[in-house]
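Both complexes below contain chain A, partnered by chain B and then by chain C.
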Partner chain A sequence: MGKYLLRRFAFMIITLWVIITISFFFMKLLPGTPFDDERIPEAVLENMMAQYGLDKSIPEQYVLYLTNVVQGDFGVSYRIKNRDVTTIIAEKFAPSAIIGIHALIISVPLGIILGMIAALRRGTAIDYAAVGFAVIGFAIPSFVVAVALQYLIAGNGLLPSALWGTYKHVILPSIALALSMFAYYARMMRSEMLEVLGQDYIKTAKSKGLSRPVIIFKHAFRNSLIPIITSLPVVILFTISGSLVIEQIYSIPGLGTELVKSVLSRDYTVSMGLTLFYAVMYIVALFIVDILYSVVDPRIRVAGGSE
Partner chain B sequence: MKSRNKRMMMILAMFIAVMVGLAACSGEESTTSQPSNTSNTGNDNNSDEVSGDEQVLNLTAGEPTALNPGQANYSQDQLITNNIQEGLMRKGLDGATLEYGLAESYEVDGFTYTFKIKEDVIWSNGDPITAHDFEFAWKEAMDPRNASPYSWLFELIALENAAELAYMEVPEDESEAETNIQAAKDAVGIKALDDTTLQVTLTRQHPAFLELTAFPTFFPVNQAFYEQVGGLDGYATEADTMLYSGPFAISEWSHDEKIVLVKNDKYWDKDAVKLDKIVFSDVADENTQVQLYSSNGVDAIRVPNDYVDQYKDSEEATQYARIQTWWFVLNMEADGVEGEFLRNEKFREAMAIGVNREELVNVAFGGLHVPGTGLIPPGLAGATPDQDYRSANPEHTDFLAYDFERAQQLLEEAKAEVGQDLPTLGLSIYERQSKEAQYLQEQYRKLGVNLEITVTDSKIRKSLFNSRDYHIIYAGWFADYDEPSTYLDLFSSTSGFPKNGFAMDEYDALLEQTQNTTDKEEKYKLYAEMESLVLSNFSFIPMSHDGFYSLQKSYVKDVAVHSTGPSRTYKWAYISGK
Partner chain C sequence: MSINPSTPEGKFTPLNKETLFANEKDYKSVSFSQDVWRRLKKHKPAMVSIFVLITITLFVFVGPFMNEHDATAQNYEVIKLKPTMEGSYWFGTDDLGRDMWTRTWDGAKVSLLIGVIAALLDVVFGIVYGVISGYFGGRTDFIMMRFIEIIVGIPNIIITILLVIILEPGITAIIIAIAVSGWAGMARLVRGQVLSLKNREFILAARSLGTKPAKMMRVHLIPNMVGPVLVNISFTIPYAIFAEAVLSFIGLGVPVPDASLGTLINDGRKFLLTGSPYLLFIPATILTLIVTAFSIFGDGLRDAVDPRLRK
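== the complex of A and B ==
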């Protein structure tokens, strides 16, 4: 296992290096510079570029950037004077994570429960209602949900329609973010449960004369959870790292809003920092998923895992 | 089977623990920031305990990119700086009349201004505000190492030796740079003669000089404090790394979330300030802004274009002219057959007169804009106080008068001269211009000119301009100060602004002449001549002049609105009848 982890780790570093390199050069391919005021004289523009090291050749900039990143320095924002990228990401992560966690707490358990009920009441009105909900909930884009909630709930003065600061501000965006996940997990749980219920070992359990609750909770439920649990690391890390749409609509100072702003303003350092941050999150999540698979389900063994 | 399930349950339990743990941390975080804003954010349903009116104003503003006056660049930077700092002069409640700010009086001798600074004015930490603070701030803004985006203003007002300092190429060697810059700073025409006397030497009269002393780039900075917090890299990056000289001070700055201003008790004119608090929330999405306004979360917004029809008749709506002109820039340096047409004067004139601007503003802008009548928008100062420049020069509109038949005829002549068919021309626009661009596309199609619209952002636009790799760009210019030269300076061959091949010796000569003319009437005559030179070249074709609606709750009173420079002053504002 140790050898395996080491190999995975080395692979992660290489992946990150490739991502840094590709996104660095892509970013440089974008036309325009961070400084675009038509009135600024050339002489001043040159001094501005020099201030941020943008007067150097691109290979030089690349080496410099890579050296700094290795030392944990992601540079300063080009847009906001004197704000360093690490601070920006650290600050923006909290609001995104708060909303993401709330959305997860609402959606995952509820989705699992609804999916389970639908599976157990297969073919009844409850099942059709649950499936209908899951399809609609998954199909409606989150910005529609977000705006609808603003009109229906905030419009009546029940909750603030946007901004950030108090717990009341967390509720609507969390619900808007949760809805599609709720629907997704309901659908997933339903189909998994149905599949498990058809398995031989359930028949065995039934023929052994086990009671229905024991069959459902001890055998069917646990086994249906496997794909859900293995999908969770990626979903969790993505959910807590911010939604572009929801944050924009509710004016939440999170990572999603920051990413949009930084790309539009050619704030290279912030865009690069965020890209790296997302990449690390994703790689870590995949790594956890791999380990989970081998732990949760003995039928699946990652190559080398059992050496 | 059993052990596997146990393991699975353990993992599940771990996940739940982590989730709960994270939730707990974040819970803490949201409560710590709670006390400071429970009284002022969105939901004000429970604020009925106030007797009289709570003097709190809720507004929106983007995250400032810099609040160091010498670096303030974006409109939100200038708006906030204008309300937390003060210059020698300040624009008054009517929005335009200059009043004394930190200066008590000034004298003019030739091109030399001597300002007397008020005796008793102090910074928010109690230090006196002196003439030295101005000298330091101006020189810091001109220091080429600091690359201030507005350092060109010092050259514009013709401050003695400003260009030599601001546009200096910084030597690689640091000590050499220091020596050269110090020498250039010593030569610049600003000097504190003593604590309360500031001498500013210009090389010629600039009409906007006094107005610009009310512009952020010209605000004072306390050198000792500035250096103490780390100079350029440290000053004004947080609420406590700056000093305040204006009506308000920042009490809380949550980056990308909000900025809270409170009344500055050390301000010399604090009795005039009635608001206790202003909260600027960072709301990027326009729909969200409207949502917040209608749910009383904010007290004023600019009406987004999509909502104009819905709100323009509201009692809370006011229409403002933004001193801005939108024009087609025809690239006379384009390649190929397209370039041949764009260089053809008849073709350009056909483009100018082939479109009905009355209809354009009514159909595409819902009456928000006014038809383009010249380079200089209505509202910009004229030679006499009672008449603006635009209405004093009505004949310039003739260059743009709609004449479809003549346009068709000119187009045919152009085709004959070029000897080829007219290819489709590219038109580059901002996304928010799509409605008017589509209208214009249709109008020009009727004329026989096919345009292909491409949407670009400002960065791509800038690189198109620089590479000359475009046919037509739908661009505009917003006045920096209230005098025609804010537009007319642009078209000189040395300004670097025309990126379509426009350059005229005759124009340059006239511009120089205006700079040496002190007689106002004479100067404005020259301005009119200059404008008609550009208009009759038809490579900059004015389409419309900007306007916008603002919504402001009726209980908000006495907000000063400015058409140039920082957009608002809240010094005199108050809440009444909420």
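== the complex of A and C ==
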């Protein structure tokens, strides 16, 4: 296990290094500089470029950036004066995370419940309605849901249509973000539950004379949760790290909005910092998934080793 | 009671051929595509989706010619007209007096074009990458797959935005950017297919006959994974259309005066709460129909291609 973890960790470092390299040179390919303003005199511009080290050659800048990142220094923003990247990410993370957590709290339990009901009432009108909802709810683009909510609910003055500040501002974006996840988990839970219900151990449980609730909750429910639990780390990290679309529509000062702003204004350090942040989140999530698999499902540990 | 081995005359008569083969129907052999189509026809939601998609495609080509208005002609006498039969402004007009009927169908054409071409690029690149990785296996496969693992660590949206800016915003840039950020999934799928096909007998037979790798891939491997690849395409197209709309939202969509459904929706957002919600909702409805229809069709196709996967 120790050796496995070490190898895994080494691969994570290499992954991050490659990601830094690719995105660094990509960002440098962007036309223009962070200080594209005709009103800035030539001499001042040169000074500014020198201060941020942008006058050096690109390989030099790359080495400098890499050394700084290794030491935990992600640089300062070119756009907002005297603000370092870590602070900006920490600040913008809060709104994204709040909306994401709300969306998760709404969608995952509801999806699991709906999927379970549909599976247990297979072939009935309830099942068809749930499946229909799941298919359409997952296929409708999130921004359509977001603007429809804006029109129907904010348009009637029930809730604010955009911006950030009070708890009221959290509700609409959270619902808009939650819908597709709700549909996704409902569908996943239904198909998993159906599969588990067809397993031999459920037959055994039935023939032992166990009551229906015990069979459903103790045997079927817990086993159908396995793929849902293992899918959660990636989904959670993606959800809390901000949806660009939802943030854009509701004008929320979150990570997604910040990413767009920084890229459009060539704020290299912030864009790079955000790219790295997302990459780290993703890699960590995959790592947790791997560990979760062996924790949640002992069958994998027994059969495992090969994969 | 002795058993008479010989057939007593008159007790048994030989059957004539007609009665003998009466129950033997002449079964025609069914090709893979016919089989898929037969199963797909039974999937009602998928059939409705095909109908929706065909209808929209028809309107995309015919719609702009159904009235006399031009997509980019501005007319300040008819600004923000509600949908009306008068003057054949069936979908109304926008803030510059442009006819929304023509603009919507032209926009849908651009969106569909972006979706289809980006998906096709994904397929081509994904197949080449996946087949090479899966077929050669070993170290090649290891390196190619690690590379994909690293690539998917960079969020799609960042790659897409960066590429669009670098290539200068335009339809071509958008298509390339979306394709570049989406090929990894296709490559993984194709590699998996190749790995499972590789051990089949017909591949072994072909190899023992001395088939060269290039011909092996072209003749034996690729035609045998058409099903899963088609299913993947029907999910990639709506993803690409969605991605294009997201780009429009951050100002990197199709440049003016052209329009896509994404840019129309984004433009319409300004007038959502100021009395002209139709400027947003008409293109949004068309886009939702296209995206939803493709996803539902993809679901049906997946069941039809491989009934074992049915859930």
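Just so it is clear, the second predicted complex is superposed on the first by the 293 of 307 C-alpha atoms of A that agree within 3 Å, B and C clash if a C-alpha of one lies under 4 Å from a C-alpha of the other, contacts with A are read in each partner's own complex, and residues count from 1 in each chain.
Following the convention adopted for this analysis, a contact is a pair of C-beta atoms (placed from the backbone, for glycine too) under 8 Å apart; a residue touches a chain by one contact, two chains touch by 3 or more.
Keep in mind the model is a prediction, meaning the values are calculated, not measured.
Look at A:98: by the touch rule set out above, it reaches chain B but stays clear of chain C.
When the two complexes are overlaid on their common chain A, residue A:30 makes contact with chain B and with chain C alike. When the two structures are aligned on the shared chain, A:167 is found in touch with chain B, with no touch to chain C.
By the touch criterion stated above, A:264 is placed in contact with chain B and with chain C alike.
Of the two partner chains, chain B is the only one that A:83 touches; chain C does not reach it. Once the two complexes are overlaid on the shared chain, A:159 sits against chain B while remaining clear of chain C.
Looking at the shared chain after the overlay, A:248 reaches both chain B and chain C. Put chain B and chain C next to each other and count what each touches on chain A; the higher total goes to B. In the superposition on chain A, A:47 makes contact with chain B only, while chain C stays out of contact range.
Once the two complexes are laid over each other on the shared chain, residue contacts for A:4 go to neither chain B nor chain C.
Residues 30-31, 147, 150-151, 154-155, 161, 248-249, 260, 264 of chain A are contacted both by chain B in one complex and by chain C in the other. Chain A meets chain B in the complex at residues 30-33, 35-48, 50-51, 79-83, 88, 91-92, 94, 97-98, 101-102, 104-105, 147, 150-151, 154-155, 157, 159-170, 218, 222, 225-226, 229, 232, 236, 240, 248-251, 253, 257-258, 260-261, 264-266, 292, 295-296, 298. Considering their complex, residues 11, 14-16, 18-19, 22-23, 26-27, 29-31, 135-136, 138-141, 143-144, 147-148, 150-151, 154-155, 161, 191, 194-195, 244-245, 248-249, 259-260, 263-264, 271, 274-275, 278-279, 282-283 of chain A touch chain C.
Considering their complex, residues 45, 146, 149-150, 152-155, 157-159, 161-163, 165-166, 168, 238, 242, 245-246, 249-251, 265, 269, 272-273, 277, 280-281, 284, 287-288, 291-292, 295-296, 299, 311 of chain C touch chain A. Taken together, the chain B residues at the contact with chain A in this complex read 4-5, 7-9, 11-12, 15, 19, 22-23, 26, 29-31, 33-34, 37-38, 41-43, 45, 63-66, 68, 71, 73, 144-149, 151-152, 155, 166-170, 232-234, 237, 254-258, 281-285, 287-288, 291-292, 294-295, 297, 457-460, 462-465, 480, 496-497.
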